[in-house]
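The following blocks contain the structures, represented as structure tokens.
One chain, chain A, links the two complexes that follow: it is found with chain B in the first and with chain C in the second.
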Partner chain A sequence: MGVTVVFQWELVDGQTHQQAIQELHGRINNTGAVQEGKFYYESKFYQASDSATTRDFYTLKTSEYPVTVFARVDDSTKDKNSCIQCDSPMESLLVKLREFFTPKRTFEIRGTRFKLADFWIRPGIVTSSGSNKCVTIEIEYTPSYFADDCWPLFSELGSYILNRQIDDKPPTLMENNKQFNPGMMVQQYVEIFSRKATTQANFQQPMKQEQIQAYNTQM
Partner chain B sequence: MNSGKMGAAGLDQEIGYNPILTATVKNEQGVRDVGTLSEYSLQGSVKDEFVEDVKNRLRGLCDNVECEPFIDHEISYSLQSSSGNAVTMRVSRSLAQSKMPWQLKYVGALETGKNKSCLMRNQVTVGCSENVTSFLTELGFRADTEFLSKGYLYRKGRIKVVLSKLCKMKEPGQHQEQNLLPLTKSHLVEVSVTTLTGGEDPGPDLKHFAEMLKPQVKLTKVDHREIQSHTRPNF
Partner chain C sequence: MANIVQAHSRLKLELEELVPSLVESLQKVQLLRHSADSLFSNLSEGCLLKDGEEIDKDKYISIVQEKLQILVQNFNALQTKIQKIPKNRFPPIVQPLGPLGMMMLDQSEAAKKAALEYPPVFHQFNAFKDFHKILETYTYRNSRKRSTTSHQMQPAGGMRRKRPPRVIIDSPAAFKQHLSQLLHIPNILGDMKVQVREMFGNTRLLSISVRRTLNCHIILRHIQIERVIVKGLLEDENIDEVDLSENSSLDTMTRITEHAQASLIFYSFSSLTDEESFRKFLQWLRSYKTLFHAKCMRCKRHLVEGYPPTWRDFVTFQPYHFGCRSY
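Our next item is the complex of A and B:
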């Protein structure tokens, strides 16, 4: 595992999620990445029965770490390290807490995994209750644990794949030479799951045509 | 490469990984979790001055391997619902082997029915990262008790024998020798077998082992609820 950043793809007018993922596959193929199997994520949202004294939380399971369950309190405070890693019997333990925390929603992400040198790229569609919610692209750079060190690489690859300029600084939770841990990946997914469909704003404008051409010539 | 074709084909294929199926078994009544285990046990105690006798006895009775010394730090957390129901979770970690993961444990109600030859309780134990305490606190759990269990672990086949001394700490989190206060003047002796829930009752095996430990230790079905309801000095 290395630094992992999750981006959300902004759908252009009239574009379906399937079309978006096909476009993404095309762009990823153009970078020279090769397809290496599938990936799967499943997240459950547990709602506290008494919101005055207890908090909601998410669990996340993934095909990348098949015997591990991640759990994180539904909290927007990014500095807090409240994501725990557990062995898979955690599911059985949560059954015992059903009176206090009930599973309300399930989110799934399925897709094809690509490998480009030291990068893993995982584009997938987020589904919940059978309907498509959004498209995510996870980029992992395996040799580094510090986002500040490798952000220019992320910036270059991410900008091309996403067809938009991405931030020139790593996400806030990885800034200031914080060592990457799997909880940071979980937090990024939880933020996407908890984001309402109407707040797909805060995205920067897509690259202008001349920027794309300049970028393609560099590649 | 034709990315469109590849993408469509990729999404239609089944991945073949489903953590729900690996974590649970479906039966006619619905989904049954397989992480729940049943722990059958008998408990007793021995005065500190006779511990060496028990150790010698266990050395002869148990498997011919060195007993395993352990120091476990355990904290119990509880959560109470508005309707008055409560659930308790235990967090433990090994101080002897600091690289071992922390453990989060759910222990169900003790079953001491007359037709049972030993104590039985359901439990789920999960290995987890060290920030489990802050996770539980964030969720709303409150720390109840904290103690240190220090002793030796013996094995005889599937029977686990624990000979331990329970201590409390003068200050929370300070587990150095000089900060420990023994809770009693005796050692706890517990023999237990953990099996899959609904499996064969290992009670007779435990009873047989308990017989062999007499007269040094008398292992019985100790119902803690009765002890808690009676005020007993020096306990």
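Our next item is the complex of A and C:
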């Protein structure tokens, strides 16, 4: 797994999630990417019954790694959040430990995945309890393991797909030449799941028209 | 055409001069033949006449002497007449070559002179050709190479620089020392990490990790590069588990493998020694440390069709997309 960055698509007024996904598919197709099957993510939030001695944690199952379950444990400081890679029988173990960890919420992401050279692009709709929550775009670049090195590539591709400016620097948890690990991906999804819908309203910075035209001509 | 008419008129004049003397000469020949004929008939008949009568011996001898004197006079007259016939009135016989024949008809004296000098030149040329054939036979017999003959094209910069003899290193210890000497040149490796694995015979595997970007596996025979495979950073990380039979699963690395093989050919077929071409290749490979964040020098973009600038110029080491590279 190379560097993976998860972006959240901000809905414009009156736009439904399905319309957003269709728009995203159109923009991704314009880059020259081709469809390569479907993907499916499932995340569960487990709350500790005794918060003094135990911690809350999230699990993430993905169709990309079908026999693996990623478990991310909460900590008071974000940098110390730990991620564990487990085999799939972990879920049956957690059922036996339900007195200590209660499953509270389940999030699902489904969508079509696209391939562009060594990029994997996975736009999907986040659903929880049967209702759509938000739209995410996951971009994975398989050859690189350091976000500091390959961030210009993400910035250029992400700016076109999301139609807005991307930060010049990678997310904080990937900075300082940290080698990418699956925990970083889980962390990004957890942040999106726990994010309220209103907090991202001011985040969107539309892309300049000249940049869009330049990118369109190149692609 | 005018030259031909003039030549014909000149020949006519010359023939008109020659014909009277030739006629006189023929008359002298006829007189000589007649006097010789009467002399030999007298000698054959002897002293007897046709009527059967005998002639006086003294008279017979005086008649023979008289006829001999006439014969000698006629012979002298013919000789003097023949000597008086003008010689070299006609041009010398030349080989029937078109241009040469035309030169003979030219009015200018220089052309005439040149035409007269040609026949001996032809003989010299034929002699030279025979000599060249003999020389070629000798050079072939002595295994002389074609490069020593005069028809070889010389390079524009003068004599071609010859590659020095190849250094063959058999023992692993000597190779390790030689390699360390090659790699310990300042700024040649930079932040690249090198691992060496002994394979069969004189073959070694050199794994070079370019700073957080890629792993390059080089198969060396002695110090000469045989094959290059570029893989991702975490693909075949352990040198003992490198799969040399398959290319990288990453499209970007497969492209760089193709470029590396092209650079290998470029440096190998240059006038550099094996060591120099090896160092150049390492310098070229080192330029890939900026693979993921360098912009293309031509289009000033990072991505084209999802690929970063995977091409590096062989001389300047500057990044280009494959479609943007300069020729």
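Everything that follows uses one rule, which is that the second predicted complex is superposed on the first by the 202 of 219 C-alpha atoms of A that agree within 3 Å, B and C clash if a C-alpha of one lies under 4 Å from a C-alpha of the other, contacts with A are read in each partner's own complex, and residues count from 1 in each chain.
Note that a contact is a pair of C-beta atoms (placed from the backbone, for glycine too) under 8 Å apart; a residue touches a chain by one contact, two chains touch by 3 or more.
Bear in mind that the values here come from a model prediction, so they are computed numbers and not experimental data.
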Output check: A:144 vs chain B and chain C. Expected answer is one of first, second, both, neither. What do you get? second
Kindly classify A:45 by the partners it touches after superposition: chain B alone (first), chain C alone (second), both, or neither? neither
Using the touch definition from the top, say if A:92 reaches chain B (first), chain C (second), both or neither. first
Contacts of A:180 with chain B and chain C, given as first, second, both or neither: neither
Contact-wise, after the overlay, does A:119 reach chain B, chain C, both or neither (first, second, both, neither)? second
Between chain B (first) and chain C (second), which, if any, makes contact with A:156: first, second, both or neither? second
With the two complexes superposed on chain A, say which partner A:110 touches: chain B (first), chain C (second), both, or neither. first
According to the contact criterion defined above, which of chain B and chain C contacts more residues of chain A? B
Residues of chain A that lie at the interface with chain B and also at the interface with chain C: none
Per the contact definition, I'd like the list of chain C residues that touch chain A in the complex. 212-214, 232-234, 250-253, 292-293, 295, 299, 301-308
Inside the complex, what are the residues of chain A that reach chain B? 18, 21-22, 24-30, 35, 38-40, 42, 48-50, 53-55, 57, 61, 63, 66, 69, 71, 73, 75, 80-93, 95-97, 99-101, 110-112, 125
Touching residues (chain side chain B, partner chain A) in the complex: 1, 3-4, 6-8, 10-11, 13, 15-20, 22-24, 33-36, 79, 81-82, 85, 87, 101, 104, 106, 108, 124-129, 131-132, 134-135, 138-140
Using the touch definition from the top, list the residues of chain A that touch chain C in their complex. 31-33, 116-119, 142-146, 149-153, 156-157, 218
